[in-house]
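The letters A, B, C, D and E name the chains in turn, as written, and every chain counts its residues from 1.
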């Protein structure tokens, strides 16, 4: 039986081929063909193929709203603990990320969680005698010190729209605080909340001073390059960056920390979300083999290999992290709030991400205020987000 | 210079002429530099490492540093992609120019009822956002059983290229003098012969233009191959390379050598054919 | 079944017939009516010359015969077959265009070979014909040139050559020699006459050159304003023009028309004297037509004849013409010898060469028989 | 032009027209019409729900935030169109004129002008992104080196400069095309006509405006229409340089991007909605087709046979 | 300071001078040498006509004078100023092109107004001039038409009109009347002559029409193969042609050349008889040039004179020409009256009109004085 397996992770091709070899060795008679597509067009291609009835047997799908797009139309095979027993062990948020909200049905095996935090160049920190900051002021002071030393404190640029969201929540989660998140979810507050707008103001102040000159015109790959080449000391980003930086510069030594809150007492929160999952085609010809393959993809054995080779936080319970950095990220994950817009506000249009990305770009170019952003987000989301409709 | 004392045709004319041509010459030279510089930078960058690109974008690289190319060469099916691109682009261009010229000729040379309507139909084809139609198109290809087949690309490209080709060629064909057609008709030429031997040679520039207008997007397109072609052996150059370059998103050196490699065949062909190209352009004199 | 026209069979010894009838042909361009009803029979092997003022519709008529423009009304019949809807290439007609219409992308040789090859001729035959034609038209050194590298006259010769090579049944020539020098023109003219004798095709020829018209034509068709004024042999037209238009159009310098009234058997010009030319038509007032040869000048103020003043003299080498103005303002020309020149403003007396006068109706210009 | 009623002509014209028509009908018109039908349905992701008539059209035109997005993208397209009219077509005309004069080196210049045209949009986009890089970009580096450091900008990061920066890249890329078309048009002007005008004036301006320009009318029609269609279908370059969102905050958003991300979603921020996307596509199409038809017919009326 | 040429001042009463000198002018198109050294002085207000076989370089020379093509070698001096590098529009020259070169996108009125407006003339003045010119050239009903809607002759008239409207100092006309009918042609010819008298501009005129050349020219320049063969008044050229080329080129039908050897004061044609024309040049063998008027025919085989056979006859209305072939193959033409026609193949005897023969060197064709 031949399975086709589609993915947008072009950079992970070699690793996946290895995993597949393992699977094929264990399951004679099943062969898996791994095909990758350019990430930005993956949605289009997958939608087209599914709609055209020639989709792959197994595929990577997005999480949250991105999953619903595909799942609601009935293209995906529903997964249960019967068909994939290992799923029973998965953490609830991970399962939720790959389920449709309306009926709670699960459609994919979650494969990785990502954490928004601050990555730093530990050699530069050491050379300049800087410690992981405990308060926002520490962070500012450390940045100033780096700047004085002629080092770019933060590598980030915001020309690439989605980086704005990363920067906002990578830096601002602790400033917003868990209470804000809970109240927001409970519907007792909205984005005009001062905790939120205050956080935005702080992030903006930091960016204006310690992001590279002209950071609003700096695109994502250049920002990565600035960090990995050692020209900048810190990078606000996802845990997925770690692997990239290592590839770009194998010699780089990195550390991670959660951006601090106002005071040392404030909980240091990272933004956490689930990246995507593996799903089976409801109309696939080899569904049985596909489920078998999904079972493999949900197995701890795979999770371990996944974590080891791809340097990513597998969602499979029980996976341990050889890589100290990953272990540290895993540690930080214990104190987190969800990556807000992705996890909760991408179910309708305009999505929270669309709004925050554009509004932050405005803020960074001085064309709006944090308060106005709060207003814009709340009214914008009110278009489809029930709790804000009032 | 005092114009009052300069006699009417002593010098003013000469200077005037020189000045004008001089200005045009300066425009041309400036433009040429501006046109070529980015391409030179691209080629240079292909031989550099990423930090080198950032630090000295204009620097002349060490041309023996071909590891970027080697990487592409060894990790992709480069020659196969190249061959596929040639097949797809070549076949599409042949179809586009043949069919496009046919339609344009009919519309441009014969006054028949509906000519204008047909032209508008093609013009509408020019304005349609074909990306939207990707799903129906995909199903169509599936029903024709040419998914994962280069025919699907060739057909889509041909259909995409026809509107602009018809549009461009009609404009040129329309303005050819009737008397040549009359003369050929008197010479006993059939309609087909008039078209082939008399009119078409005179619209070679239009064909060149239509060709250029279409060959580049087709050569560089990766959207349709992405959707229609999954078999690695059938992938075209841009598709093959973007898939590959996805793995090197931040390695500008490799990126540029990929770009250089995918642009090189068409640039080389262009330069090699530039003589014919220019000859084709100048063959349009109708009198 | 309708007769099949063998294109270009003529030259190769086969006898083909090419008899043309134009019946009530009209042509309109959108709202401009150009031809108002042309009726004309052209016999096989006839050499017909169309003359007429610029813009009178000669080229248009040729294009209708060729089939290049649709006939608005009327019928064109070739050898008994209605041709209105037959494609130009199937009519067995070749045409030399007034504006040459050479193929700009082909050299001279290719221009000439194009039509011939299309007739299905073998390559050697085409080469032979081109060599022959090129020699006749002095085109040999130019065979490899493109049209734009040729002078006007050279282009015109290529255009003629292109048609000649095809040896068609019917040959339409639209002012084919207008850009040639006199010497070459008379040579090519002779060649065309010879060709016509040898090939025997039917020729329709448009020209503004009187010498060409007079020497080549079996039949001259005088057109004016989209209508035929007169059809006849050169001699007919010259000697018995049907009306004042033809009379003044044919012959150079042109015939002068003098308004006269009849007084017995004398013709009186207002305040200007009188003439007694002999037999006269019946009308009271009429137009007297005088060609240069009909006018006899004598110096000074004579008692009989018309008094006039010399305006200017044209020297033409073998002839000279004196232009004199009558008292009523009419300009007459008289032939004289190059050595017998008159001074401007000299007073002269005009008398008539007997029997050389023409008479036309004062009302509608028709010829009146004396 | 010859009339249609001659024998066999109809068949011949049919033979010429039908195959290309079939291609376009089958591979463009038919799929597009099927896709246009999406516009009349409600969608949830990839799932088609009820027929909703013109509701989607109403939404993209009159309901916030779509309304402002639509207007913003449309406004940007208009800027792009007029800017390219000057930068691409205007410059193209001047270049064509200069090349046409056959000054020394014209051959080389000709090859150079058209070279960027053969490059792919990706290459152009990447190159110019590098040029506009706020830290290492040659634009800023050059400005600094000639003492205009304060003019250095994050070109692609500010709403004021981003769109224009992309427009310049586009003009660089495609200026060869109008040049080519105009040059081809100029070369068809009979030389005697140019001689005639040289007898009457030496003013380059008169020559250009009164003779050359009217006589290259067919080229102008082609270039204007294609530019119009191109400007309102603009996609690749802003997509690569500004991103699918028209970063920063919609200042480089154009209808092409807007429609695409509405229909197919944006991985990093947005949802997929075929209904709204198709409604947009239909509106864009109607707009472009209507105006293009008007432009073409009006311009065609100026054309004359040589 | 050099004289300032006010373009088009002539007509408005100011006296301007336009004196042209061509000095050693050569022209090459890449590797084709077209003009091999032209030296010519053209005086102010002169009317100069260029004639010569097709392709001899007349149009090319005009283009050099106009400044449209660069002069390869030599100098063109206008009123003492070297003009080689002066822009065409600054030379005060207007030109009528052989191929008309009308602006296809402008109607007739606009075509004529274009140059005039560019000269800075006021609109009413331009209108006045166009009205005047259009009347003269019979163009009034066509003013609103586009060139492609005109007949060949109409286009040519527009081209002339366009140049006339500008009233330039120097006027170049390249076969301006070749597409007009005889009647219109002689009318326009007279208008041009009148214009020239009134305006006084310098005219340079290329034509293939002998009548035009003879009647219009103050001075005719005969060109051949890129060289000037002879310059002179029409009478000079006709009566004392410098060589056989000019002799045969000027005059229609052309002068026949008979190879003769001298035997005392008789000229003997090989096997064909002898003539005794009177005073003879010194050479032993020479070419005898005979124009139609110099040849006298008598029917039958005479004792004195050359025996010949009639080939054919051309009827021209007022004249007729008989073509006869001598024993050595030379074709002679003789003028006869239209009523005195000879039958083909009739035997005739050729004798000479006294004093009408021309003599040329048998070696280089130069004229020999008797």
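As a convention for this text, contacts are C-beta pairs under 8 Å (C-beta built on N, C-alpha and C of every residue); 3 or more make two chains touch, one makes a residue touch a chain.
By chain, with names taken from UniProt: B, D = Raffinose/stachyose/melibiose transport system permease protein; C, E = Multiple sugar transport system ATP-binding protein.
Given the structure is predicted, the values throughout are model-derived calculations rather than measurements.
K.L.:
In the chain contact graph, what is the shortest path length, in steps, from chain A to chain D?
P.N.:
The fewest steps needed to get from chain A to chain D is 1.
K.L.:
Per the contact rule at the top, check every chain pair and give me the one with the most C-beta pairs in contact.
P.N.:
More C-beta pairs are in contact between B-D than between any other chains.
K.L.:
I'd like the Å distance between the centres of chain B and chain E, where a centre is the mean of that chain's Cα atoms.
P.N.:
Distance between chain centres: 54 Å.
K.L.:
Centre to centre, by mean C-alpha position, how many angstrom separate chain A and chain B?
P.N.:
Taking the mean C-alpha position of each chain, the two centres sit 41 Å apart.
K.L.:
On a C-alpha centroid basis, what's the spacing between chain C and chain D, in Å?
P.N.:
58
K.L.:
Give the residues of chain E that touch two or more other chains, as numbers and ranges in rising order.
P.N.:
Within chain E, residues 87, 90, 99 contact more than one other chain.
K.L.:
Can you tell me which residues of chain D touch two or more of the remaining chains?
P.N.:
If we look for residues of chain D contacting two or more partner chains, we find 2-3, 8, 136, 190-192, 202, 304-306.
K.L.:
Residues of chain B that contact two or more other chains, please.
P.N.:
Counting only residues that touch two or more other chains, chain B contributes 13, 16-17, 54, 135, 177, 242, 252, 285-287.
K.L.:
Which residues of chain A touch chain D once you look at their complex with the stated criterion?
P.N.:
Checking each residue of chain A against chain D gives 39-40, 42-44, 47, 50-51, 62, 65-66, 68-75, 157-162, 165, 212-219, 222, 226, 346-351, 353-354, 357-359, 361-362, 365, 367, 380, 383.
K.L.:
Can you tell me which positions in chain E touch chain D when the two form their complex?
P.N.:
Listed in rising order, the residues are 63, 66-68, 87-90, 93-95, 97, 99-105, 114-115, 118, 146, 148, 162, 166.
K.L.:
Provide the residue numbers of chain D that touch chain A in the complex, in ascending order.
P.N.:
44-48, 64-65, 129, 132-136, 140, 152-159, 243-245, 247-250, 262, 264-273, 276
K.L.:
Inside the complex, what are the residues of chain B that reach chain D?
P.N.:
Against chain D, the touching part of chain B is residues 13, 16-17, 20-21, 24-25, 27-29, 31-32, 34-36, 38-39, 41-42, 45, 53-55, 57-58, 95, 99-100, 102-103, 105-107, 109-113, 118-133, 135-137, 140, 155-156, 158-160, 162-164, 166-168, 171-172, 174-178, 181, 191-192, 205-206, 208-209, 212-213, 215-216, 219-220, 238, 242, 252, 255-256, 259, 262-263, 266-267, 270-271, 274, 277-278, 281-282, 284-287.
K.L.:
Across the complex, what residues on chain C touch chain E?
P.N.:
29, 51-55, 59, 98-99, 149-154, 156-157, 175, 178-186, 208-211, 214-215, 234-235, 238, 248-254, 291-293, 314-318, 335, 338
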